[in-house]
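Think of it as A, B, C, D and E in the order they're written, each chain with its own count starting at 1.
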């Protein structure tokens, strides 16, 4: 086992632990912080796997932007009080959910273990990537060439997200006035 | 080896032309957004005006593409073919109709926030993109573009807890389903090195040995994602609640545009999957069984529960589930028949038209606060609003599948193709389900025509020309397609040069 | 011709709602015109041909082999005539009884006529189905809007029952069209003549052919209605307005029998032979059962409704005796029943308009105050009871004779219906019409007026005309009946195999 | 010309009927009894004259081809079935035609007087004419279906005429009963007809006769045919077990009883069996059945008649009894004797009914003989003619009844189908007949008046027909004097000979003639002995109280049928409707709806609104889809 | 698993282990959606699921020697970001009317 593998296992177990905390903890704020931890672990794993750009994005976008949003909302809604929703759930439903999820997980693992990945391989061997200027450069180039199209439509997605989120979340003003001015 | 493949960047003027509908719509939306945020005169008229204009322009653009040779743009991520032209026309048409019928509705409901129209436009853009690609990443992005817009539109009655509830439910479940779909995409990627379903199929056709459990699970996850969006049982539960809580025009939009988009995308995917020997042996059988059961359950649950409803919107929601079931029957049959999925396309189109019409009437009937849509509110409507009742009756008969309406011919083609695929038992069950369906559709008519009016009920809204136009066109189309479907059928099959399956999904 | 009433209805829509009189006259003119056209059709009909005549073919959905293909033969000719004959009568009969939403009523009536005519002349299975189902819609409204107290229940039951039954037929049509394609390699076809050539595996009670037969027969049996699928009928009849009942009994029920002859017999010879006995037994049961139940009814209309069950049982028997005499008798019985039961419903309607009750016990001695009504009632009643010389006799006689050749025991049993028929009809007549005049309302009843006489007289003439000169009808239908039976043993052979 | 015979009364019907209807429609003056009666009588009378002409024409033809045929049009023609609406006059039905039109005319004339005060005589005459038309169709029809047309037609007219005074519920019921009981018989007729068609391929009498002669049909089938047809006859001719309608039919106006229920319609059964006698002679069993049923009915009805008090009921049971005798004759193969008796019976029973009508008319609608008496003083003419009828039916020579009854009894004994038992039945019947007829006669005409009503003699228009009939009743027997019988020769080609039993000498007929006269005289004497003094009668009744009650209540046959058929069928029907149809069949149908609805409610129950539950459903779907597929792979 | 893939080509751990790890996170997220009532936590769970998918893509990218997977992750991250923005917007709107972020409180629509 290489050092990288050791680190992988370390971060993987941390990630699993924190994600369990995220899911199981009563207090949303605690969950949010655990989630940040999960994101960090993921970033580390990305790095271990050689996906440096993704790793960076993970930290910037997820841990930086999305989590801030979460915590902001948690604070805004004053919803950080421990929620006792946990106990109210039907125990049978909960157990069944867990069992079924576990079952699915098991079968997925079985599949992963007993299956072959694509027999044809791509051209981006690590050496190749290195020779083309590294992970970041390759990705960036691809983004603006081969993946230009999804990149462009992502812009529409973001636009829609902004318009939608604003329209929904902005303070309801007197709907009587038809001449509303959006804040976006 | 160079990273930059010039082919990715070069784009002929023809190809640019093919992009016109998308671009027009996108920039129309942007323009409308500008109008929303800048203090301009009467944005409540100009914004929808711009949106309708751009949608109409896009529609014309799409229509111009009919007959043009199929093209793959952006490394195959955007397929411009008859299929996408057909889909675009359908989405844009329903978008225009929804916009028109929303106009009066938003006024009566005190909901004049003009972002509404922009969101509809963007959502349609998402639909168009989704139906014209086989790339899973693009599908995902387009799907989310469409979904995010619709989440917001569903929750647009912000002060109404029902609307909030619907939006949240839809968001939670929808996102989970998207995640599953995406997970499936990841697994497909792992088993075939590509995110393009068309390429997966091509590779399978070349090597013939792409089969792996990973691929199967990936396909299943993708399928589940789609089944969720089309509200097939057991992934249907969100739909009634969301339809119920959403503003009526948005419900109309969802039953028509959104449903059509998801289904057409699913058809494209399934057609592609089944055109190659991807699924063989026991897996193919399992897939067949799964779809079979899903179709049956969907029809059953949809019809049975619709029978219980007294709220019109909810009833139509369940009926929409039932129609998903019929469509699944057609989907299964499509791969085995010569005419392929033409029957499904036709059904999708007809279904969109009927629903637009039916919801158009409901929009006009809705009182303030979306109240007044219980069945009983329709009592004696025929005497107060004869034309409106007539229109609704036509749509109900059409949905029940009675001649001489389009619903009948559509259903006929669908089942016809299913019989050809040899699945007579399923068709028999399907027609029995549609007999159940007739009952609740007829109840609406009973209320309108055979009951005496009780007190102050629905149908007091003023008439709006835009809505009248929508209704008139849809009624005419329902009859036109019911009586003379062959022209439309022929057009559709002329459109479809793309995903023409050659081999059966099963066997 | 088929669409004339429909077009007429659309034109009629232009008449303002308030002008009920004009609407009525307009509709009457339209239906009379249709009748006149059908007379022209009759005149042009060549009785010597067994094939379909005056066919019109317009490609409709070529991709699926569907075309608008209509034509008539000796069987449909008469049913078309029956339809066109009854509709003006119905229109006229409703002049005074329908007060609310007059325009809607007549528009629907005309649309209904279009659908009915279409059903009878369709030579394309798909087209047939279209008309078959389309017919339900106007009928649904007629019962649902202008019907009695429980009209909604009745109309829903009618609609769903009929529709559920016929949907399986739709599947069977698909299957046949597909089989045609497989067997001939010519593409789909729902042309009836093409479908006749399709060979379908037969053998057991659940062989494909049998299943297809059952799918078709279910639809038709519900319409006929054959025991035990008859329960929609009493409800629908009782709740329907008079015009609805008349059309329902006079024409709609005939479609079941017509369908059996047109589809079930030529398409599925083996299955028909296989199921001949069960069908015959059901028909026999229907006759006796319907008659017995009619006997104890307290509502005149319900009584007539159950009598329809009984009478239409004969039609099934005639058809499934599978010989010329039986099938001819069945067609004739359909026509005769169309006339006599329509007459009964009209009469019941007339008295209902006067007294607003249909309970037998509310009447008594009506003959005294309404002698003309009594005469008309008596004649129609006798026709219904199959008195020789009236139309009812010819049909039942031929059916029983044909059935005797196929199954003497059943013929004996079903002939019991002749007795029971007399019992319930005369008993009803006695209770309603005879005896001392009871109650003040009854003594004030007015006799028939001129309009009502005009409504009834054509029927009365038809009763005797059909009873005394049936050959007038037979001569035109004979070649067609023979053609319909070509897949079965000839009548001569049937005659020989009988020995009790 | 032949066709005119039935068509003329039909014309009369149309004139009277339409006149009546138009009066109802527009108001105005109703036709008087005279006018309408004249129309009706005119038509039927003309028919009679035509009948006479044709009869003589027929007589002038050679014996083998003694038939006149006319085809109106082809009635029903389908496949191998071809039924023309045709009439064929031959030796057999020529007699019937004469009886129907002749006696019919007389009764029509009588009716003019009888119905003079009715409110709608035109209707009545229309019915009468219609009846005559149908009756003529019945006898003239050249094939079974045409016969059946008349057969049912007369049944209808019988119904209409019995319930002519329909405002009386009993009379209306009586008509209905007649029609329905007849229908039961008709069922047998129909089935017999079907069997004939399937066996012989034709329904035309002449053709049938040829086919039967050429082929040798299985005796089995012939027996079934004959029995089925005989069932029809028992209905129409009021034999056991279907005789019950006839006594009730007396509810109709008396001319109706005379015409329909004595002279003509009820004899159509005899006509039918004679018509197809060539079939009956092939089946010994059927003949035997007919003879026994006839004999038993004769005796049975005679016993009932003894204890009846209603003048018309007595005559009705007498009619049943006499019809029994006719069937007895036919059953022993002596169709000629049967027809002979039909003719004489038509004369004297028609006479007696009309006489009774005259009495009733004179007594102001009183029908109970116990309330009459001594009418010979008040109604001398009626008394005289009634006496002629009385003697005829009792069988006193030389009145007509003597000859015909004697021939019946003789053949009952002597025929190869006959025997002592059958003779004994007949003789006993004759005894009883003489007894109860004398009883009637004594109670009505002799003794003292027991009524407060003041009887009066009827008008000439009623009496003259009576007198004519009386002459006929007295003399009609002459056409059939034994050994010189013109009738026997006349009918021979159609009904054939009577084959005597071995060991019976023809000469012994004289013995039977004498003995039957003695029997009749005995009956008369006994009745005189009992009823000339009513006290004796009372004493006897008291002594045989049980028997009298049983007889007065007609052996409880009606009650028996009520309990055995009417009530159970009504109960079954009620059960079928209220339980089977509504609770089972309809429930099953509706249960589809209910089950659908219930399962809908069940499925709806899942839709709780809980997001988690929805997600869980998705998970279940996820698991089952993946699990199912993996299971497939794993396999 | 593919035997041809060696450590030298960038494989840190066996792909199936990586994938199983992702699956674990994915199902933990799914479980969160299923058993939690707090909508914020549910949204976080969804983020977990998406992250698991991301990692799946990345971990497949290496053995397959392809950049497509990593590109996909790029877009997924963006979509996830927008998605949570929309979701949180909806939560805020809901909180305004309901004063709650609990799924038990959104059970008005049912049946």
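To be clear about the criterion, a residue touches a chain if its C-beta (ideal position, glycine included) is under 8 Å from a C-beta of that chain, and two chains touch if they have at least 3 such contacts.
Note that the structure is predicted; figures quoted are calculated from it, not measured.
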Farthest-lying chain, centroid of Cα atoms versus that of subunit B: D
From subunit A, the most remote chain by mean C-alpha position: D
Per-chain Cα centre nearest the global Cα centre, belonging to chain: C
Inter-chain pair with the most contacting C-beta pairs: A-E
Centroid distance [mean C-alpha coordinates] between subunit E and subunit C, Å: 66
Computed distance of Cα centres, subunit C from subunit B, in Å: 43
Gap in Å, rounded to a whole number, between the CA centres of subunit D and subunit B: 78
Inter-centroid spacing, subunit D versus subunit A (mean Cα positions, whole Å): 101
Numbers and ranges of subunit B residues touching at least 2 other chains: 137, 141, 144, 148, 151-152, 155, 158-159, 167-169, 172, 176, 180, 190, 193, 213, 217, 240-241, 308, 439
Multi-partner residues of subunit E (each touching 2 or more other chains): 15, 19, 29-30, 33-35, 37, 42-43, 60, 64, 66, 68, 71, 75, 79, 82-83, 86, 89-91, 93, 96, 103-104, 106-111
Overlap residues in subunit C, where contacts from two or more other chains coincide: 160
Pairwise chain contacts, counting only pairs that touch as defined: A-B, A-D, A-E, B-C, B-D, B-E, C-D, D-E
In the complex, subunit D residues that touch subunit C: 21, 24-25, 73-81, 85, 145, 148-149, 151-153, 156, 159, 163, 166-169, 172-173, 176, 179-180, 183-184, 186-187, 190-191, 193-195, 197-198, 201, 221, 224, 569-570, 572-574, 576-577, 581, 585-586, 588-589, 593
Complex contacts: residues of subunit A adjacent to subunit E: 2, 4-5, 8-9, 12, 15-16, 19-20, 22-23, 28, 31-32, 35, 38-39, 42, 45-46, 48-51, 53-54, 57-58, 61-62, 65-66, 69-70, 73-74, 76-77, 79, 83, 85-86, 88-89, 94, 97-98, 101-102, 104-105, 108-109, 112-113, 116-118, 121-126, 128-129, 135, 138-139, 142-143, 146-147, 150-151, 154, 157-158, 160-162, 164-166, 168-169, 172
For the subunit B and subunit A complex, residues of the former touching the latter: 1, 3-5, 8-9, 26, 29-30, 33, 36-37, 39, 42-44, 73-75, 77-78, 110-116, 118-119, 122-123, 125-126, 129, 135, 137-138, 141-142, 144-145, 148-149, 151-153, 155-156, 158-159, 167, 190-193, 203, 207, 209-210, 212-214, 217
Complex contacts: residues of subunit B adjacent to subunit C: 339, 397, 402-404, 408-409, 412-413, 415-416, 419-420, 424, 427-428, 431-432, 434-435, 438-439, 442-443, 445-446, 449-451, 484-486, 489-490, 493
Subunit E contact footprint on subunit B (complex, rising order): 137, 140-141, 144, 148, 151-152, 155, 158-162, 164-169, 171-172, 175-176, 178-180, 182-183, 185-187, 189-190, 193-195, 240-241, 244-245, 308-309, 314
